[in-house]
Amino acid sequence: MKIGCPKEIKVHEYRVGLVPAGVRELVADGHQVFVQSQAGVGIGIENDAYVAAGATILPDARAVFDSAEMVVKVKEPQSVECAMLRQGQVLFTYLHLAADAAQAQGLVKSGCTAIAYETVAARDGSLPLLTPMSEVAGRMSIQVGATALQKAYGGFGVLLGGVPGVQPARVVILGGGVAGTNAAQMAVGMGADVTIVDKSLKRLRELDAQFGNTIRTAYSTMETIERLVIQADLVIGAVLVTGAAAPKLVTREMVARMEKGGRSGRR
Amino acid sequence: MKIGCPKEIKVHEYRVGLVPAGVRELVADGHQVFVQSQAGVGIGIENDAYVAAGATILPDARAVFDSAEMVVKVKEPQSVECAMLRQGQVLFTYLHLAADAAQAQGLVKSGCTAIAYETVAARDGSLPLLTPMSEVAGRMSIQVGATALQKAYGGFGVLLGGVPGVQPARVVILGGGVAGTNAAQMAVGMGADVTIVDKSLKRLRELDAQFGNTIRTAYSTMETIERLVIQADLVIGAVLVTGAAAPKLVTREMVARMEKGGRSGRR
Amino acid sequence: MKIGCPKEIKVHEYRVGLVPAGVRELVADGHQVFVQSQAGVGIGIENDAYVAAGATILPDARAVFDSAEMVVKVKEPQSVECAMLRQGQVLFTYLHLAADAAQAQGLVKSGCTAIAYETVAARDGSLPLLTPMSEVAGRMSIQVGATALQKAYGGFGVLLGGVPGVQPARVVILGGGVAGTNAAQMAVGMGADVTIVDKSLKRLRELDAQFGNTIRTAYSTMETIERLVIQADLVIGAVLVTGAAAPKLVTREMVARMEKGGRSGRR
Amino acid sequence: MKIGCPKEIKVHEYRVGLVPAGVRELVADGHQVFVQSQAGVGIGIENDAYVAAGATILPDARAVFDSAEMVVKVKEPQSVECAMLRQGQVLFTYLHLAADAAQAQGLVKSGCTAIAYETVAARDGSLPLLTPMSEVAGRMSIQVGATALQKAYGGFGVLLGGVPGVQPARVVILGGGVAGTNAAQMAVGMGADVTIVDKSLKRLRELDAQFGNTIRTAYSTMETIERLVIQADLVIGAVLVTGAAAPKLVTREMVARMEKGGRSGRR
Amino acid sequence: MKIGCPKEIKVHEYRVGLVPAGVRELVADGHQVFVQSQAGVGIGIENDAYVAAGATILPDARAVFDSAEMVVKVKEPQSVECAMLRQGQVLFTYLHLAADAAQAQGLVKSGCTAIAYETVAARDGSLPLLTPMSEVAGRMSIQVGATALQKAYGGFGVLLGGVPGVQPARVVILGGGVAGTNAAQMAVGMGADVTIVDKSLKRLRELDAQFGNTIRTAYSTMETIERLVIQADLVIGAVLVTGAAAPKLVTREMVARMEKGGRSGRR
Amino acid sequence: MKIGCPKEIKVHEYRVGLVPAGVRELVADGHQVFVQSQAGVGIGIENDAYVAAGATILPDARAVFDSAEMVVKVKEPQSVECAMLRQGQVLFTYLHLAADAAQAQGLVKSGCTAIAYETVAARDGSLPLLTPMSEVAGRMSIQVGATALQKAYGGFGVLLGGVPGVQPARVVILGGGVAGTNAAQMAVGMGADVTIVDKSLKRLRELDAQFGNTIRTAYSTMETIERLVIQADLVIGAVLVTGAAAPKLVTREMVARMEKGGRSGRR
């Protein structure tokens, strides 16, 4: 198959649909791979590396879209990209169509077959192309949260893991799935006081076996959530809502601001 | 040296000053050991085992005291034992003289040289013969405390380690020395939510390094102790007070009773 | 639905079928909940808490049984309760009918639909309402066992976890299911020398992965069990026998008594 | 003694020399404590809390300096504060005089006795008032470093702990003292690939015992440092240089910029 | 059923098809067991132990084959054993027929029903009789590899786990199944720097959860394998190839020899 | 200072007194370093690496000895080396003189100042140049022991770590110092059933804190050692006897042979 990988053009997107290691595997399996010049430069990959892996470098996106039977990307196609797609061509990328009518219409109009990474499901119901995103989001949520607790970033100046003799921050993670578990791993690793809330006792048991008494687990009821969230320094929302994106984080400071309409005030 | 080991006669004392392994070491070093018949029977050691180790079995305490240059016991001498001690003889046992004037006078009168296990100090100031007692007391305090939390024993029916989805008991340990650390080890092992309070930040750091985030450490101030003890399900007093004995434990139920003007009742 | 929760009347039963958090969830889902006055007082829950959660307090059991379409309890209905059940009503509680003909007849006669917690099965064959009981039973078996090994409770005076330089107690757990695994967690946490015996090598592998070399696993043969049980200080019977209740524990002392022709006496 | 605690006035300093728990201890020991109104407001402590702990609130810094025999602060005195100090008064705070001639002269001129937290030494040579700062600095260095590696903050977009299947960031910590060990604890906890470099083999052994094979230790030679730093994604400088402040961090991106005089370029 | 267990006759095979514990289970289930005299002597089991378990000892292999309806062995039947098998008899042992035409023909000719341990599959597709072999092979691969790295055995003199201050050996394990996971357990336990490569991200995630950051996981691509294998000190091949036997190990020294056609030469 | 590093000439010694990283440090400190050509070739270090580090390569040992004020080696000087030493020269290497009168006389005759690595003591009494050897010896003792237990090397065919369902080997380590602790680390890591015996309860407590319940500790008495050694599959002798070399290992098989009057044969 002829596979094309254009440079991403969405703002702040530095990633690329195929890295050289992936190109090499595809070429070894008999495919032809076309990569747009400088496609990987945002993450430090030069054209040479793609050539060494067996790709053909093409000068611009247009050339890549024209040559490819399947286009592999990261982000949803921008309108200028939709315009280059054609009947019979396959587009393989994240789409998140739910909130993006313009894109949906553009794809329909192009006549291409668009496969969204986030909807590819394995036989056991898991979402193999979404899971790595949840892992990254879960792990990052804690380091972003730790930063948000710093005074310099508008937080209460609470150090996530405390130090000996000083209580660590209380982190409450709502949802013990992929994102929640990865968040818990980071938060425990940094020494926080972590509670995971989930509606499945079975899942809480697995988490109990994995983390031992470095975390606490709580069965999800309105009462539990209310009590825990009010006491928490950092709340990670890691419940999978179909179509929603990364975990949300809320610090005590944000709650305080919301409650008081502006002023903070912590012990 | 001629070493004698009588059977303990204090109520509920089943231990014995020398076990056969100890006898064998002493005999190998050239000492003569006299053991009272049935001295070890309370912990399942028969006369034969002592004989095999090289001891001579004597029929009664009197014979042992008469034969020995040094008497090795467990508990402080009872008045009948004081009466058998003599000038020039060495007594090696726990004494806890502070609150026991009668015993002190008995010993003085006997003219013997009495060495109390609990006051033997190593060069670095540690108390090598008290440490094992503190280890046992610290470890036992948690299993006794877990039992005291059971409904059937007058507690609130809190399971020390909780189960997945249910919060474990909050255990507060006052003092991070030998007894406190051993108590923490048991409490953490059983899955409790453990906080250790100490006046030494240096010690809290060592505990933090040893236990990681399976415990929390708190610097001892009046405020900290008040806040923690009020929230605790089980409080272990493990501060070394010279002359005092084992760790104390207090359950939330006892506090509740005291608050309500009822009598606490349990030891 | 109208849901009723009477006060438990079986001797030594302090629990209650619904706690306020549960009431709140049911009310939020549109149900009406009737709770007998003082139903939760045995575990420290006052009527106010139920009212705050949305329940209606009724003065006695009769009023609760009369108002409810479904009665939620903890223990099997006593004869006076059976007499209050009626045709078309649902009873949801533990039943353990196998050994209780009188109760079975009472239920049949009442015409109610009785659902036993212990027989509710999930699709994968697990018993979600029995599992928490097995967790509690498994965890408690070790703290009860530790107490039973104390001299003061008729044991040999063996400290479950030993202390540095002294061997810990040997604990043999027959069955590596929910109860056995929870027992192992406690026993390992307290520092005992733990062996788990199971007929499933697959389960032994999972336990090996979970516990690493803090336990030993043994494949169940007559020979293995004989050898291990004879050497053990504490044996936990955690094999699921349909209809049987909590894990059984046997200490070395009980065996010794039985061997010597004495009666074992303790449960 | 009369002890005064003024509000900190240095830019971005929200901390306060005494919290209410400290005031309570001092008052219980018979001291009189004067706190400037709103001194703790930057970290959410209201005047009421100080009053409850036994302090007297004074309206401004001048009143506090005038009333106090000892002034307790956080940061070095600003020139306006130096002017309020007097002969015979004690100042207890961080000074960091080495690079601050103006402050040194101000203190000398005031005639006060100034004790710098950072120079208070325990008998064993450790610096008990500097250690907590090193703990905080070491722990924060990793969360700041993790943030610095994010693309949005100018980094290469490397996730500190990686995810399954993707290599974690390589963190090299120069110095295995208090700051370095605390940094290592955070970095290991977040799943990074951590190497600690130290000139003391004895210290490397202790770190090896504490961290097991979740870190690697390297003996400090020019060759080792060169090799490790070049391969690292994040370098933490945690060597105690007398008079220097917090650990330094350097990301690969910064090195790349330095090497290339401007442009970066990592995959 | 009449079950026979002859002595193994293949060179260097000391094991035996049935140990006394197994005999006892079979006898308890109503079977008759015939064991060849001295069958277990290679691993220290005397005839007496078999007799005590309920077996009948027969003087030679011929007698065992003649008496048995099912013959239980360890290794594939040697030609002299094939000749003793008969129509209707069951043979239960490892066969590994793929590369052994002579044996296959011998079995066919005998008319027996031969069941190969290595092909017995459970319902979930796992191979319960092959798994223990993979466990042993995986665990042994590391101890054999550690030995192969010793200078005295032709290696580069690299100590698998290093010592504090010195880098441990880099171990790359290709395949994260039963053998690979068991190899990783040993390698991590010995302090090596371990990377597991697998084609299944799901499996890498499970390994990440089990081992935390004591290992690194890498997704299997040609590029990854090339890079890792070249840097490795020890490579364990643990990919299940149907019909193939134990994990393969390759040390850096062997690679060096292969590359240079004879001479070695490491850092 | 002029420092010389000749090639080792003792049979089976491949190491070298200085590696290039060491040379670089010495040169940076202002010393001159002379290395014999090919001195590092046994462990893969070419002359070029030494030159790059600042050393001067000399053609033979004679030239190195003649140029150097201090000679740095690994093993004790052989007679031909003793003959090259001279008055006023310093020799820095392992000597182990106790059992080597010829060497002692050679050194005396040469008039050089010989400093033995193994006798260099730090202020706290530790032996910094012996410790790394003890670490290596302790770690290797277990991998050599694991090999010795293999059937192919004359052992009983016991796998050190067992597999799930099969008991691991019992390893008894006599002495909990540097070598013993490193041996324990390896043995625990490989899944063995490890007991450490020591005469110091203080040391046993430290080991208990470090290893938790992955090991057992036993106080050293004749009785304890007898009981443990008889049951052990592998015994590691790690008691520091001044002047003695590496830990000794004894497998059960060797004991069996000795008991049966056979010769033990293996080192």
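Going by the order they are written in, the chains are A, B, C, D, E and F; count residues from 1 in each one.
FYI, a contact is a pair of C-beta atoms (placed from the backbone, for glycine too) under 8 Å apart; a residue touches a chain by one contact, two chains touch by 3 or more.
None of these values were measured; they are calculated from a predicted model.
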item: Chain D and chain B - chains in contact with each; value: A, F
item: Interface numbering overlap (same over half, different under half) for chain A and chain E; value: different
item: Chain located farthest away, centre of chain D as origin (C-alpha); value: E
item: Geometric centre distance via CA averages, chain E-chain B, whole Å; value: 51
item: Mean-CA-position distance for chain D and chain A (Å); value: 33
item: Where chain B touches two or more other chains, by residue; value: 132, 135, 161, 164-165, 188, 191, 201, 205
item: Pairwise chain contacts, counting only pairs that touch as defined; value: A-B, A-C, A-D, A-E, B-C, B-D, B-F, C-E, C-F, D-E, D-F, E-F
item: Partner chain B, residues of chain F touching it in the complex; value: 201-202, 205, 209, 221-224
item: Residues on chain F engaged by chain D in the complex (per definition of touch); value: 20-22, 24-25, 28, 53, 126, 128, 131-132, 135, 210
item: Residues on chain A engaged by chain D in the complex (per definition of touch); value: 12, 14, 19, 40-41, 43-46, 49, 132, 135-136, 139-140, 143-144, 146-147, 150-152, 156-157, 159-161, 163-165, 182, 185-186, 188-191, 264-267
item: Chain F - residues contacting chain C, complex; value: 161-162, 164-168, 188, 191-193, 201, 204-205, 207-208, 212-214, 216-219
